[in-house]
Amino acid sequence: MAAIPSYTPPDFSRPDLAAAPAVRTAPAPADGVLPPGFHATSNHPEYVHRGSGEWLLAGESRMDAVLLLDAGGLRVVEPRLVRQGEPVVMGRSENGEEGIYVHTTGFDPAGTATEGKFAFRARGTRETPFSRSYDELYEILRHDREQGSILWVLGPAVAFDRDSRDAMQWLIENGYCHALLAGNALATHDLEAALFRTGLGQDIYTQALVPGGHYNHLDAINEVRRRGSLARTVAELDIRDGIIPACLRRSVPFVLAGSIRDDGPLPEVITDTVQAQDAMRQQARRTTTVIAVATQLHTIATGNMVPDYRVMEDGTVRPVFFYIVDMSEFGADKLANRGSGQARAILTNAQDFVVNLRHALAGTGKL
Amino acid sequence: MAAIPSYTPPDFSRPDLAAAPAVRTAPAPADGVLPPGFHATSNHPEYVHRGSGEWLLAGESRMDAVLLLDAGGLRVVEPRLVRQGEPVVMGRSENGEEGIYVHTTGFDPAGTATEGKFAFRARGTRETPFSRSYDELYEILRHDREQGSILWVLGPAVAFDRDSRDAMQWLIENGYCHALLAGNALATHDLEAALFRTGLGQDIYTQALVPGGHYNHLDAINEVRRRGSLARTVAELDIRDGIIPACLRRSVPFVLAGSIRDDGPLPEVITDTVQAQDAMRQQARRTTTVIAVATQLHTIATGNMVPDYRVMEDGTVRPVFFYIVDMSEFGADKLANRGSGQARAILTNAQDFVVNLRHALAGTGKL
Amino acid sequence: MAAIPSYTPPDFSRPDLAAAPAVRTAPAPADGVLPPGFHATSNHPEYVHRGSGEWLLAGESRMDAVLLLDAGGLRVVEPRLVRQGEPVVMGRSENGEEGIYVHTTGFDPAGTATEGKFAFRARGTRETPFSRSYDELYEILRHDREQGSILWVLGPAVAFDRDSRDAMQWLIENGYCHALLAGNALATHDLEAALFRTGLGQDIYTQALVPGGHYNHLDAINEVRRRGSLARTVAELDIRDGIIPACLRRSVPFVLAGSIRDDGPLPEVITDTVQAQDAMRQQARRTTTVIAVATQLHTIATGNMVPDYRVMEDGTVRPVFFYIVDMSEFGADKLANRGSGQARAILTNAQDFVVNLRHALAGTGKL
Amino acid sequence: MAAIPSYTPPDFSRPDLAAAPAVRTAPAPADGVLPPGFHATSNHPEYVHRGSGEWLLAGESRMDAVLLLDAGGLRVVEPRLVRQGEPVVMGRSENGEEGIYVHTTGFDPAGTATEGKFAFRARGTRETPFSRSYDELYEILRHDREQGSILWVLGPAVAFDRDSRDAMQWLIENGYCHALLAGNALATHDLEAALFRTGLGQDIYTQALVPGGHYNHLDAINEVRRRGSLARTVAELDIRDGIIPACLRRSVPFVLAGSIRDDGPLPEVITDTVQAQDAMRQQARRTTTVIAVATQLHTIATGNMVPDYRVMEDGTVRPVFFYIVDMSEFGADKLANRGSGQARAILTNAQDFVVNLRHALAGTGKL
């Protein structure tokens, strides 16, 4: 498929790589503590030389993790999860000098390494043409609906508008969402919309402030806390519309990560942020395309966890796409600046983006 | 039609208005100079009391102009166009005390004056639900296509993307644009796209920077200057796609107003800003709906010229709608803060906005 | 002192309040679950009528909490902390109809209730004049340094620049900071600056990217995790400069709240967000002035916890000031829109703000 | 002086340059029309090879102009000012292939060509450390006050705040401004402040909206139009404070360029945009440091006119610095993206920037 470039592994017969030493490890001095000189992962494919020309590719990688290498193979682990004595890969060079090779050009079209990289890094602004980006995105989503795993990261804005909430529901119901990462606010306002047709007390269609509407999200939270879970609430009240209900009906896993600004929170919210990270990474390991919409916090958190490649079950390597939909260049650039080179920013309104996507994928106009 | 509220004129039999004195005028002391104490217009319907209970409504009004009253009637004139000795309406009160009445509630639904005003002024942000705003806009455009006059104010971003440029062309060709206000850049990059498929040297579909592409807009300008006009260039080169060509084919008038950042400029550009204002106001007088997209300068300039009502040829009064499409709350609020109460901000990307509009009005999805 | 308005309590002899019924309570049906119809607090002074004309003012209030009323008095408690059977104040009216009175005009200058409120709520933009806001802020800080409690809420940007980091240190050392709320990133980059003179690998003075600098914050975190705490690290390495070291030296309490984007985290970070909220509220209860700089998440979280008044130990009531320093109108407005009417936005760069404040309070220029 | 790097001319004995052909010219086919294949200037030093190893450096260059070469030498001229038959330099290569050499590394420190360029182009955001940028700016301004020429480009925001307006006045009075480029709005609101203490009707110190204040700027404009000029108005009314009065007193030239959003305009405003460009370029030719504050239109217009070098009267070449002070990354990047590589963005509030600058240069704190 045109939109998904193929992967060219490094040529380990190259003289510099052929001459590379075996990688070195050192034991972690304590739980959650690394030996000085540890190697930290990027979001690119990384190989370590176990010796004798055997190079291992790190599977299920992420940014700023460490590599544990033992007889069982190579694992990518967050520093806080490293246990005392585990063998941590050492070295801070990236071209084989210490047995570590970071392969940044594996998805470049043949013969265009430099150009490809340049285009890849070009930063978009609100005036950048996005026509092809959209066409590619549609192609990718149609492909990954069947053969990949699409991960959505959503801020609450998507639930504040009737049409975008409907569109997101449609995308879930039609197989374009394999997992959802969000916070307490998205789920709360999605439920508020289901129960009261408002978002933070404002009608999600007419924008009108409803009298007493500022109680609506508090009442929604209280309702769920009383019943014990979102699942039970949706079932007992027979709620049929909305984002979370669609996930429940379709068995799409969702992670609601807690934050210090949460009211409630809802029972499903994972209030401990390191536990929430662990749950998020479970989904991040599998993803082939991420679409992060209107949430800086969750987008950066997810961006840190998602590498720019995935080793599929058959051993092939494919790129992971990462779309960031945001209104400000600052927000969109922030992730790109942290080293997530695969991020593609689309500068637009979250609601429009989701509504468009639905119509493009459904092949229907707005009537 | 539901979307277009009807107008309720003031009740001049109200005691305070019935007791209002006749308005006073004073002669302008010199060309372009006003008598101290002059009255400046708002963008609302304003009436002056000529005496004996005869109140005249200002037609074709605008912000910060003055009223000239003589036997021939009441005219709204920019201060710089006032000639020595002309009778300028005096007074700075707005409730009849000096024979001037500013009618701010004429379009409010019966019995809801206060609420109506409040909703009208609510400021949108990127998280505001826009579903109904879009539905209303579609309804208004379908109505005004036949029975009104739709004025577009465009920044160059619309020409930087293939799909949005195509969509704008479609809107013009299908009768949704009765006049266009823009600057040198919009026309230049529209032509650059026609000749080279680029915008500022960047491919309008793929985003790729074309080698030597920074010459493209200069070559486009030179081509037009050589041939003498956009009209001749489009005809001689048989250019069929684009915004300006569509206007030329459909005889949609356009005003290109000069600015100090212009290259060239193109021959049609009115380099003198007061002449450009006069040409813009010719179009502004007629409009019933304005859609201003991705240009702060032209949006504010137009906003100053467009009142929130229009007196139709049959004497009926209808509202004038003013949509501002911008990416930043600052940009969108700026006009609202200057007193253009009718402005409705839609916070989104210009390209998405235009593409959506096309699909919604055409009743087709993006395929 | 001029900058701190005095408080006028409600006149409970007013006929409508004199006729108010006693407030009603209902037992919480389960831990963390509220009885339907519960009353939620605003950030304004709220009084409940216990009967016989006895009105109790809620002390240590906050947004969206509930009131528990029993023989021991009136407490403001987050819904999740309510225990089964506790008596929750019921009612959603605010003018005494159900024995609850929300007093929004207590700090208005005599006779100017309406005007005062209007000015209070005026939204600033980047073009708003801030001269008096600064002068007032200096006056307030000089006052509250001795007679109040100044709470800073800081995003990491303050630590990314040498001068602003120095300035913040100075403000702490000179008594202008009684407590600090921040996240893992602020402390991490503050320590990174102390150890490496960089912020995310970029020199905090020259902006130059340091080779291998992307390891610096990971090494800083690892160093602290190895030693067990920030306090021990600062002591053992004899670190003298920076924000956290200044807090430690001056015994200024700080709360580091966890988020899902944290690397590490540092040992002092409270990873559970509800525990972090509890710790933050401990500081929020005492504050008389909040200065929230360049962090949307922590600002909103804090804004939810800080009422617009404080009952001092001697029973007097004074306003709590809440300054938000942010670069975008969207960010600054967001808190104001949630009902935190006392928030005053200053639209500017965090670094400039802090540096200016230091010079203004020190009475020195930048030399 | 450390802050002002020295210039290294190209080495024309390099084999590729030694072998370069003489440059070719072609006559302009008509007034304001260029021969196809014309060369357009960048903002870098450009040399043309007249033949026999004689290379001429373009003096007083600018972006997107053309080079005219004849016996009298080499001139940089805007395309619209080229007259029929004048000899236009041809060629679109930049490394001598056609006798044109664009020298982009002349100001790089010896031996660091690549690094220097990289650092130069790094984009700032609101989180970038600016400490050194400020220190360098102070050093540059102290130097250029005596030995250079400082050009300010000002949006109206500077006049909307009492302290920043005072600070700007101080900078002019103390020799830190050799010329000023602005629009009708800056001068209008500066005068409004002098006459009424308001900006657009809002008190420039307290932010309070003054009753009837929306007339103030119209009355100010009318006052000046009545008296015939700003100079006469300032003299006759004995106005002592403000930006324009300071320019008049110190004989600092100012250009007020017209735009389509102008009320009035004031008599000094040059309403024709090409005439305004000519007047602006008169100032731009001389400048050694530009400080552009809070105006996108004037900043881009000026950026197009100011090269990154200046040939001094003694023939030495020095860099021209270009500071852009803006609140949004989008605004600040826009100029940089157009090829003005020398632009340095400072992301902050215009008012704070000017006030800080005054205190830093005066060596005084805010008291």
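To keep things simple, chains are lettered A, B, C and D as they appear, and every chain counts its residues starting from 1.
Please note the rule applied: a residue touches a chain if its C-beta (ideal position, glycine included) is under 8 Å from a C-beta of that chain, and two chains touch if they have at least 3 such contacts.
Being a predicted model, the structure only gives us computed values, none of them experimental.
Engineer: Pick out whichever of the two, A-D or A-B, is joined by more C-beta pairs in contact.
Structural biologist: If we tally the contacting C-beta pairs, A-B comes out ahead.
Engineer: List the interface residue numbers of chain B and of chain C, divide the shared ones by all numbers used, and answer same when the ratio is over half, different when under half.
Structural biologist: Mostly the same residues.
Engineer: In whole angstrom, what separates the CA-based centres of chain B and chain D?
Structural biologist: 31
Engineer: Roughly how far is chain A from chain D, going centre to centre by Cα mean, in whole Å?
Structural biologist: 44
Engineer: At least two partner chains per residue is the criterion; list those residues in chain C.
Structural biologist: Residues 126, 327-328, 330 of chain C touch two or more partner chains.
Engineer: Give the list of chain C residues in touch with chain A in this complex.
Structural biologist: Touching chain A: residues 29-30, 32-34, 36, 38, 40, 64, 79-80, 92, 212, 214-215, 218-219, 221-222, 225-226, 257-265, 271-274, 276-277, 280, 296-298, 300-301, 304, 327-328, 330, 339 of chain C.
Engineer: Which stretch or stretches of chain A touch chain D in the complex?
Structural biologist: Residues in contact with chain D: 125-126, 328-330, 333-334, 337.
Engineer: Please output the residues of chain A touching chain B within their complex, sorted ascending.
Structural biologist: 119, 122, 124, 126-134, 156-157, 160-164, 199, 202-208, 294, 327-328, 347-353, 355-356, 359-360, 362-367
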